[in-house]
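Below you'll find the structures, each written out as structure tokens.
The same chain A turns up in both complexes below, where it pairs with chain B and then with chain C.
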Partner chain A sequence: MKQENKQTISGRDFEKYFQVKNLKKALEIKAKYEDQILLIAGATDVLVENYEKLHEIKNWLDLSRVKELKFLEVKEDKLILGPLMTHYELKNSQRLKQKLPLLAKAAAAVGSPQIRAKGTIGGNICTSSPAGDTLSALLALDASFKLQSKIDSRLVKAEDFFLAPKRNGLKDNELLTQIEIPLYPEESLSFWAKIGRRKALVISTLNLALVLYFEQGLIKRAGVAVGSAAPTPIRLREVEELMLGKSLAELNYRELGEEVKKRVSPIDDIRGTKEYRENVVRDTMVNALKSIEKRREGGKNAD
Partner chain B sequence: MKKKGRGLATIMFGFGYGEGFPDHSIASIEIKADQRIVIKTAAADVGQGVITTVIQIAAEILRIKPDYFEVIQGDTHTTKNSGSTSATRQTYFTGNAVKKAAEDLLANLYHYGSMEFRSNHPEISIKDGEIYLYEEPEYSISYWDLAAKLKDKGITLEAEGSFFPVTYQPDEKGQADKVYVAYTFLSQVIEVEVDTDTGIIDLLNVYTAVDLGKAINPKNVEGQIEGGTVQGLGMAVMEEQVIRNGRTLNAGMSDYLVPTSVDIPKFKHYLIEDQDSEGPFGAKGVGEPTIIAAAPALANAVYDAIGIRFYDLPLNPSKVKKALEEQDNKN
Partner chain C sequence: MAKLDVEITVNSKKYNLKVGSQERLLDTIRKELKLTGTKEGCSVGECGACTVIVDDKAVNSCMILTAQVDGSEIITVEGLESKKGLSPLQKAFVEKQAIQCGFCTPGMLMSALALLKNNPRPNKEKIKTALEGNLCRCTGYQQIIEAVETAAKEWGV
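Our next item is the complex of A and B:
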């Protein structure tokens, strides 16, 4: 049987396709077209989202050739990333693994080798899926996003950026141009887990990021964030505060697990039930604390 | 916490259409002067390897390397009925038809060979594509030269074979002398690790013992075992069509999940070659039997690990975690 081609023929697919080489030009185009243009970098989300309706998109802004948006820099008190860094590059970066192993682990869990090779962290952030694998890690690590327009720029905290499923605080004339993650002087240990229905090529049923910063055995700072358990990836400040100033031995892991469970609002969907996510987020939090305890005792930094 | 468990399941599988259905296969083989041996069969190779199997069988009977063979498949102008590639039947049915055609052709090689040497057929031998006088091996003729000579006389060097075994429809009590041509037996032990925090079942090892009569191509058999088992395990732990109000919610490969290469267990195979009296070289079918034991063996392994019996598939993380919570609350 002959398969009907549902795609509109080439040439009528779109009106404009801009493949810009520098940020200045990209910002000019964004200022002109505002919400009437679709951004792509790795295109791993966009092409799937628009499968069989690509011809409906009028204007494209392809950022993949903007070299100045692809970098990783370690400064004294922070690590800064260009949004075009791919998950593959993050997963394999020795500097990232050393400074922020949590984010390297999250990047390693995205999709498959092919998706990691094309997909970018900027894309993961701007798609703003509640299940985005790197987002809980960025939240727990207290990341900020630099949002830039043709005329000015602003720095927005990750926890203020995500507004609703696939909706964020980017204005129509803005682009995400930099990701900043603070590097604190204290010794830190982190945990990241992705719970899915299989080991690769799967959307998170749940993910959890935990980072603890220790000073003389006491928790000086903490980051707790979960993905796929609420309309957006969420940072749980109140749970973090319950841990501050205490040693690991003073923490009641099960209670902290319950505290996390209380603060998520998952739904039933094809990847798992509400009940499943609530119970698993509790047990995964306990697991995260145990894992950190074990490594602290062993004196190892690697997970 | 991670808990390990081990489970066993054993199955038997009657293959072929069976139950009195007129199940058969017809094949033919021709030796051509241009150094080709052409097998004609309608058996469809859908990846299971029936083409390799029939070439091996014909090459064995015809005493020549498999390199010379080509197969014309599934062309209604040139091939006769071989039945469908289903019911785990092609190795047994088409394998037998090809074997019979090859045996007939071998007899013809002796016949025309003895005419060529003006000798009796016990005085000639056949080996590596050559027909020669037993006592004086320097007198020989290749299959190709013989085919060319016969062609000049208007004779084609070819033969046809068919396999048409009888089966019977079972009576009201399900009994008959022979419902299926033969049965394949398979036992599988599966080892798993259940994560009680997440309800996720990690597949560790699968040990498979299969009585397949004879492994015509052991590598192909291993492929069948691994492929079938992975499909069975997919059914056991993740594959599920979710329907709400008449609509399938997961009609795509991103939601309807099947195992990936990193999800599957390690395999170990034991091929039991207890030859079947009617199968080609004693071989029996091995396709579908490889899928059946996986789910029950897995469910037994999960029971061994966490002490919970499940009665519906798949054992997805939500279902396993829910059962674990209920078990926790009871204790």
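Our next item is the complex of A and C:
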């Protein structure tokens, strides 16, 4: 039998609910309340995490109306995103699909239409789940995050941001205000895959992002990152380096798969065993390379 | 106890409410507005039974605070029926026998409506994607997909 909703029988309520309209105000509030305030944007993670204990949250900072944090623009050699861009908006952005199809594809795999409509990329980043679908894509694409406080701001590389499951480098007085992704002139091909028990509404058992940039047939830059295979989503720089300066034909896909496998440290959980994840991450890397090879031969630019 | 003033339009009717920050849109719809067509299933965004339309997009009402939808236009399953009777989408669900126990139906209808409002001629893949956030444990997916196809084809929305 369905229990009574405990949210409404707690008898207590919040002290402060700030629905701010601009970033300046948001930063002032964050500076004042530091870790004593809960941030929400799309709220899709927060309301699940705090189900049946919403009444315990005293102070709320609702960022969903800060319009200046919702944008997508190309500036010189960078694509810059506001953290309030929803997965729905990213998935449907023609500009993103053209410039960074890898990220558009990852955003399209998040949750369900209902979750994509509300959930934001900033939320995905700040929740910092090892399984966050857009995170492997951001890592492979060499993204940086602008962390801003009332007094200053700093740029942190995605690979330095994630510290432990659901823990990151944001200080108590900081907000994520911008996501910067470099755009390179070379031809690029990418692959993103999510392994799970069904297509929709699964937390990744594993996800893998691969992007290769070619110059005259040789790999000039590479990005490899995996999710749900370590305490945080991780970028595999050493595997990237193994591919640099080579053509696809010179790569041994199976060996590269093994190199990926060597560098992950997954756990056994309800979504899959450690052994399963290690084997599947290897095979997914092989599939990623094969997929890029196929498209390169076909002369298609991007997935 | 602090309360926030929220104005929302639900099924074309305006409501001025005082809500707590802990109140989810689902709670407001069911308990304050007594619109119990919207169902609470899993409470954590997995099942889609609580799906409603907020500003033209299907969302899980268990995952939004009412305080966040101030000023929004909301449609619940009760908004489908008019004086003329069932909407074409509802009729298609009945005709195709897309309902078994009925618990998922309000959410399915809302996801389907959001799709058809946005894309009146969806193909099967688009329909499946639009409904991927809604679970039916009587496993009647095929009929549901056919009902949405029928609604799109024969009557429009």
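Criterion: the second predicted complex is superposed on the first by the 293 of 303 C-alpha atoms of A that agree within 3 Å, B and C clash if a C-alpha of one lies under 4 Å from a C-alpha of the other, contacts with A are read in each partner's own complex, and residues count from 1 in each chain.
The definition used in the following text is that contacts are C-beta pairs under 8 Å (C-beta built on N, C-alpha and C of every residue); 3 or more make two chains touch, one makes a residue touch a chain.
Keep in mind the model is a prediction, meaning the values are calculated, not measured.
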Of the two partner chains, chain B (first) and chain C (second), which one does A:Thr284 touch, if any: first, second, both, or neither?
first
Kindly classify A:Leu210 by the partners it touches after superposition: chain B alone (first), chain C alone (second), both, or neither?
neither
With the two complexes superposed on chain A, say which partner A:Leu39 touches: chain B (first), chain C (second), both, or neither.
neither
Considering only touches as defined above, state whether A:Ala117 meets chain B (first), chain C (second), both or neither.
second
Where does A:Leu170 make contact in the superposed view: on chain B (first), on chain C (second), on both, or on neither?
neither
After lining up the shared chain so the two structures overlap, which partner does A:Lys199 touch, if you call chain B first and chain C second: first, second, both or neither?
both
Greater chain A contact set [chain C / chain B]
C
Which partner chains sit in contact with A:Tyr17 here, chain B, chain C, both or neither? Use first/second/both/neither.
second
Name the contact category of A:Thr273: first (chain B only), second (chain C only), both, or neither.
first
So which positions on chain A get touched by both chain B and chain C?
48, 112, 199-201
Which residues of chain B touch chain A in their complex?
196-200, 238, 242, 249-250, 254-255, 257, 259-263, 316-318, 321-322, 325
Spell out the residues on chain A that touch chain C in their complex, using ranges where they run on.
2, 5, 7-8, 10, 12-17, 19, 40, 43-44, 47-48, 51, 54-55, 57, 60, 62, 64, 88, 111-115, 117-118, 199-201
Considering only the defined contacts, which chain A positions touch chain B in the complex?
48, 112, 195, 197-203, 205, 270, 272-273, 275-276, 279-280, 283-284, 286-287
Enumerate the contact residues on chain C facing chain A in the complex.
1-4, 20-24, 27, 31, 40, 43-46, 48, 51, 57-60, 62-65, 67-68, 70, 111, 114, 129-130, 132-134
